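Following are the structures in question.
In the two complexes that follow, chain A is the common piece, with chain B as its partner first and chain C second.
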Partner chain A sequence: MRSIKYLFRLWRKRKPSKTKSGTDKTGGPYNQVQMLSPDLSVNLKMIREKLGNSMDFIIREFNIGKTRAALVCIDGLVDKEMIESHILQPMLIYARMAEPTPVKGEKELLKFIEDNTLTVLDYQELSSLDKLLDKIFSGYTILIIDGIAVTLAIETIGYEARDVTEPETESVVRGPREGFTERLQVNIALLRRKIKSPDLRLERMTLGEVTRTDICIAYIRGIADDKIVDEVKKRLQRIEIDGILESGYIEGFIEDAPFSLFPTVGNTEKPDVLAGKLLEGRVAIFVDGSPMVLTLPYLFMENLQASEDYYSRWPSGSISRWLRFLAIFFTTLLPPLYVAVISYNPELLPTILMITVAASRAGIPFPPVLEVTLLGAIFEILREAGVRQPRPVGQAVSIVGVLVIGQAAISAGIVSAPGVMIVALTGISSFAVPAQTAAYVFIRLFLLALTATTGFFGLTIGIIILLVHLTSLRSFGVPYMSPLAPINVAGWKDLFLRAPWWAMVGRPAVIARQNRKRIGSVTMPGPPRGKAEKPLGGEDEDNA
Partner chain B sequence: MKKAVLVILLLGSMLLVTGCWSWVEIENRAIVSALGVDKAAEGERLEVTVQIIKPGEIQSGAQGGGISPAVAVYSDSGYDLADALRNLGRQVGRKLTFSKLTVLVIGEGIAGEGTGSIMDFIFRHYEPDLRVKVIVVRGRAKEVLETEIPTDKVWGLGLDKLVEATRLHARAPAVSVLDFLKAVSSKTTSPVATGMEMAGEKKKPAEEEVAPGKKPVVTGTAVFKDYKLTGWLDETETRGLLWIKGEVEGGVIVIPSPGNQSRLMALEITYARSKIEPQIKDGRIIVTVKISEEGNIGEVEPDNVEIDKPGTLEIIEARKKKVIEKEVLAAIARAQELNADVFGFGEAVRRKYPRKWPQYEKKWEELFPLLDIRVEVEAKIRRVGLIKKPIIPGS
Partner chain C sequence: MRIMLEGGVISNRQATLLVVSTILPTSIMFLPALISGEAKQDAWISIIILTAFGVLVGLIIASLGTRFPGQTIIHYSEDILGRPLGKAVALIYPLFFIYINAFIIREFAEFFIISFMPETPISVFIIGLVFVAGYAVYSGLEPLARINEIILPLVLILILLIVGMNLLQIDTNSFFPVLEKGFLPPLKGAYPGLVFFAETMMMLMFIPYLRSPSGAKRTITLAVLILGFFQLLVTVMLIGVFGGLVAGMSFPLLQLARNISLARGIFHRMEHFILVIWVAGGFIKVGVFYYCAVLATAQWLNLRSYKALVPLIGVLLAVLSVILWENVVQLSHQIAEVVPPYFLTVEVAIPFILLVLAWIRGKGGKRT
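Right after this comes the complex of A and B.
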């Protein structure tokens, strides 16, 4: 691992260091604090300079009584009807009707407008050009009045956005179907609807020198570990980049082990999942424009957890856990095991199976390693081809894949039937793991290479290397393999099993260090204790 | 930094220079399912016969239906087993793999001379597991291995099933290489092996070829003294041996019927246990063998047994007891005659009297043939089957 880091460092050092000047603090476009002037025309000139000749940029000048004023906004980001009926109309018509109250000076005019004319809920007073521009691009409408160096930013957001729909990545049979959208405000509202506590903290940040993307850190005060929250903020503040288009950009900057195959930052698309994670003491990062919300810290065991485990009864939840364990083992170990058994230690197979496998391998031109590697590559290509195709084309891809690779290759004697079975099972298993990461493909190849050269010996060494790596990983100070390493038996209730809810008393010990108790004094449910009451309708028999 | 790259490259190349150590593809192995050893015709050499599984046949049979043999038999000779197997390699052309070896068939001739090197080969070689069954055939092992077992495609597996089935009826013991070696390692116990003969072999043909219609039958026990064959136990004596060792798991005891002495009735054995209790009294060793058996009524000749009559079951039990006693005594007599402690009485004494044992151990050869052995049998009838009375004609 360390040597790979050296490699990357080497590569990074050779790159010219000129790139820095582009995002230099002093040369950046937004860093000079420029105050507004009382003169309307000066202000408008400044804004026009900043925005150039953008085609979507609207300035509407008008009179409030005798005072000149202007509305500035961006077409497409604002709700025009709302501006017309709640800002323009009251100011052009009703302001005049309210004229009897004498307005002295521009300062009082502003107060008068705020108090008596604006029929809008959310507005702010702004006096610097930077903040004003920020607001404009967020869909606010700016009211500038001649003679006043303060402007009003009025919330008129009204851009087109996707509705709340069921996310395709985390579909469930039982459980809420709503998923996050691309709008930060909507996403936060979805979360607020799940957690109606004043302790739910939402802290806003802006990242991206050019994109000025809104970011929101969410956590539950009193449950989340303060140290983790501080660390998240610290890491976010360190980010210097021109643009944040998706939460993946942030993930790349704040993860603990950037060279590891395993992710140390999680993500989810569902408000209920996120609420669950926050209740376990995790911290979330919303990014405007992305439905994928980051969750931290991320542990290996989250690979095995799906929201439905918690909604269905505990036996079915536990069984799907075990199946996922099995799937992880299959998807990483099956091809190397196949090679180790077939090429080195076939005596591990029962006699009849050994004979059958030997028979189906007879006359196959490729050794098992090559067979499994090639078929695996073909499978990954088919998968990749299917992912970004519209549904009907995707079906065609899978039919061609099944027919050509499966049937033809076997009957032509190019690959053996057991090889195809192994690769197919490996591929299917990879879909059964909730968190699909590329890690498993790499691990498979790594173990395959070791196995191909030294059999079970290599496979064992490979697994040891993997385990050493996994146990050395940390996510925001939390051991990645917890509760397996370090051992925390209470945590196994949510790892090897999905224990009944009344039994899962504590939050994950390594994450919610400050506030571990999740369940109060209520224990196992059951019929009422004490003397049994007479069964309903059984009185006659008792008396007789 | 360059050092790190170098280290990675060197480590990576280490994997390649091993040259894929011990890599043999599954399809390039000759899977041996049965191994036979005989005395070779010429001089001091021994002849080895192997049954090799032909995987292709197994699959084609699966589609076509019917059981066609899926083995090929090769033999060759050499100075010892390893040498003979190397010579055999010239005919087979693939790496012989012994990990699926199921039976080791030893010819009578070589067994009489000593099987030490054969057992050592199996024990020493890393591939065969020690559950390989040891069969001694009255005749030549090659003949057994060349005979088709019609019920199995892989004849070696068929032989293994024959031994298992016979063991369940207590007609022959099933002995693995491990059992054999364990007995050898004890100073007093004599190893045994499954006996086998070629049925229809009464008139031995002069030519080597297998006469049609011949088939291997598992029967009796081969008795060894250390590594050398010294004699045989017939089926009655074999069951006596198994009674004493507590290895009877089933089978049938035939007794004269309580109603009419000339008629017979069959009793099934369902449970049998034994206890060997040695005792040293005034310097003399007395071994008491306690056998307890339970069984059901299996088959009755109608019209002469009234099972529901009080006392009938007791008579049956007494007769059964007598039969068992006779079998056990026959086995003891034969073993004492051969001076072979196949029962492990010596071990039983050693376990009970570890301090006194060394003085007897040296004399065991003289002690065993005259050993005072007492047999106590307890035989019970547990169930009489679905009916009490047989259907008697005209009733």
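Right after this comes the complex of A and C.
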């Protein structure tokens, strides 16, 4: 383990010398602060120089009364109609009408425009070139006026974007169906609509030296642990990379255990799920351009939770919890158990079952380990093939898989029917775990290898190694296996059960340390006590 | 200020569970047969005596530990006895931890071989056990305490299941006559158990890392009581079901598990699953003493970090547990007859003497 880390570190050390020269060229212009000049033509020349001959770059020069001015924007990122009717039109027409108003000095002209002509809601004054370029690329339109060293960045964002649709990854039967999109502003608005508290904090950052991607850290002040929030910010500030294309890039830089099979950073595509996580005291990271929002800290138990557990009544929520527990056990333990029992301790099976299994295994050339491993590999290939195919082809893949593996292989006597059953059950179970990770495939193979060498003893050793690893993990300071280890009995209400809402009084103890209580004095619901308050339409009416 | 070496902190509940895990897995397997040899049907009285003894030892250990906040026995033995003598006494502890751990590892390996896979070479089990324990120790104290919180409940539930499923087979006549030959047989029977119940002394290494070290007395006492309860439960059950046969069995609890047959024999041979969980319990026990050995050695040598010692001591443990004993007969003979005086000296007598000396010489704070 350590040597691997060392190798990685060596590799990392050599890398920067290569990328440094690359980033200097592209990221260089942003590094030095260049102030704007009062001269319009100088400013325009500077901008032209920076942008080169980009084809999507628009400069529109015009007069405000007697003063020369220019609008600068990027085609495709801006709403042109808005620029025409809310910026150009007032400047060209109404500004002339208002000209008799005495305008003394250049600074006052800017003030006059802001106060009297601009019919746009959001604008900013900028005086440095790099900030100006930032705004241009975010879809702002820049108004530069001759004789003034300050420019106006006017919000005119209007680019093509996907609508809010139902995400395919976290589909529900009961619950909201909207999902995040690729636009940061839309995503944040979706969250704001769920949480209307002024305590919802959204802090902006820009990451990626070339892509300049907007990032937003979201948390609820007073619920989220300050230490976790600070730690998140600290880790984000450490990131130095040329580009961030998806939230996965950030995940790779801030996770606690980069060599672990288990993720220590969660993600979700649904505003309601995210709101739930924030209310539990977690911190979210939005990344512009990605519908996947990161949630921290991420605990193992979140593998077992689905948003629907909380929306449906508690018995059904609890039962699906148990099923998921069972699914995790099946998907990791079933093949090793099969091998341990068949190869090492067949006497564990009831006698009749043992005879049946032995009969169906008679004449099979492969030992159980090989059988299960090969079938498992084929299953994973089929799954992978199905995922990337259009739907009709995907069906064909599964039919071929079922026919070839399920039928032909058994009747040809290459694999045994119990082996196929075990692998199929394992595969199906892996779909029942809400957060599918590659971890389970690795765990299965690891346990299989150990079981194949020393049977049940190896299996036990393997499970213990996994448990040691899991309990030694932390996600942003929070023990990964909490509330299982360290034991927190109150937390079990949301692990082994989905307790009724009125019973889940506290937030997870390890995450929201500052503000634990989430439910007021309302206790168990029930019909009103006392006879006088009984609502109409009771038994009395029937009797009368 | 001495270097703490371990940055982790464990809660007192975690410590309680660790103490239970340290003693229970072996005591519940070996003790019933050892006790029944002398005490016969009065074995349960021996357990009560043992529990009282355990509480007493726990109080000694806790008083000693809380007198010197932030220090382990390796440190304060020097304070109490002076540098040369203290250093010499302190050296006993790393050696003791290594020796007792070799014992435990061998016990578990033998147990596994006898009842599970008789044809596999013993080194396979020993290496496997030492490797996982080493991995846990390397990860630190906190993961060890946390993983125990997952495994120990399983072990306890398992014991309750075994007991519960045999409840109907108890023959109450097996308990009579009570105290047939006076108090001597139960006392004699308790003798081999003293070593087990005095293993609470491992807390000498853990008290500085408790979240509230002042609660150490309560922590240890609670652990001994839990332990005594389960030990009593199993002993009563064994006497009730097997009567006088218990003394002749090598692993009576396993026999009790073999008794279980559910749903007309569909679920028989449950003991295999029991063994799986038992290895997990044994792993905790080995891990705790492994950790103590590593930490004690590192503190004795004034090392900056104990991590480098983990593989070294691991190899030592594996080798010692293979070469020190010829077979299981010699091993059980030693547990029952040879080692108790020596172990008890290290586990109880030395801490007690240190406590008295500290009190006389006025070393260490009263209580923090």
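Just so we're on the same page, the second predicted complex is superposed on the first by the 500 of 544 C-alpha atoms of A that agree within 3 Å, B and C clash if a C-alpha of one lies under 4 Å from a C-alpha of the other, contacts with A are read in each partner's own complex, and residues count from 1 in each chain.
To be clear about the criterion, a contact is a pair of C-beta atoms (placed from the backbone, for glycine too) under 8 Å apart; a residue touches a chain by one contact, two chains touch by 3 or more.
The model shown is predicted, which means the values in this text are computed figures rather than measured ones.
Participant: Quick one: is A:I461 in contact with chain B, with chain C, with both, or with neither? Answer first, second, both or neither.
Facilitator: second
Participant: Which partner chains sit in contact with A:T356 here, chain B, chain C, both or neither? Use first/second/both/neither.
Facilitator: Touch status of A:T356: first partner only.
Participant: Which partner chains sit in contact with A:L121 here, chain B, chain C, both or neither? Use first/second/both/neither.
Facilitator: In the superposition, A:L121 contacts neither chain B nor chain C.
Participant: What is the contact status of A:V489 with respect to chain B (first) and chain C (second): first, second, both, or neither?
Facilitator: neither
Participant: State whether A:A452 touches chain B only (first), chain C only (second), both chains, or neither.
Facilitator: first
Participant: Does chain B (first) or chain C (second) touch A:E347, or do both, or does neither?
Facilitator: both
Participant: Examine A:S472 and indicate which partner it touches, taking first as chain B and second as chain C; both and neither are also allowed.
Facilitator: second
Participant: Going by the contact rule set out at the top, does A:P368 touch chain B (first), chain C (second), both, or neither?
Facilitator: first
Participant: Touching A:M35, do we find chain B (first), chain C (second), both, or neither?
Facilitator: neither
Participant: Considering each complex separately, which residues of chain A are in contact with chain B in the first and with chain C in the second?
Facilitator: 344, 347, 351, 454-455, 458
Participant: How about chain A: which of its residues touch chain C in the complex?
Facilitator: Listed in rising order, the residues of chain A that touch chain C are 344-345, 347-348, 350-351, 454-461, 463-465, 467-469, 471-472, 479, 481, 484-487.
Participant: Which of the residues in chain A end up touching chain B in this complex?
Facilitator: 2-3, 6-7, 9-10, 342-344, 346-347, 351-352, 354-364, 367-368, 449-450, 452-455, 458
Participant: Which bits of chain B are touching chain A when the two form their complex?
Facilitator: Per the touch definition, chain B meets chain A at residues 1, 4-5, 7-8, 15-16, 18, 20-27, 29, 31, 33, 53, 55-56, 58-59, 70, 97, 99-100, 102, 127, 154, 157.
Participant: Which part of chain C faces chain A closely enough to touch in the complex?
Facilitator: 11, 13-14, 112, 116-117, 120, 124-125, 128-129, 131-132, 135-136, 139-140, 142-143, 145-151, 265-269, 272, 275-276, 279-280, 283
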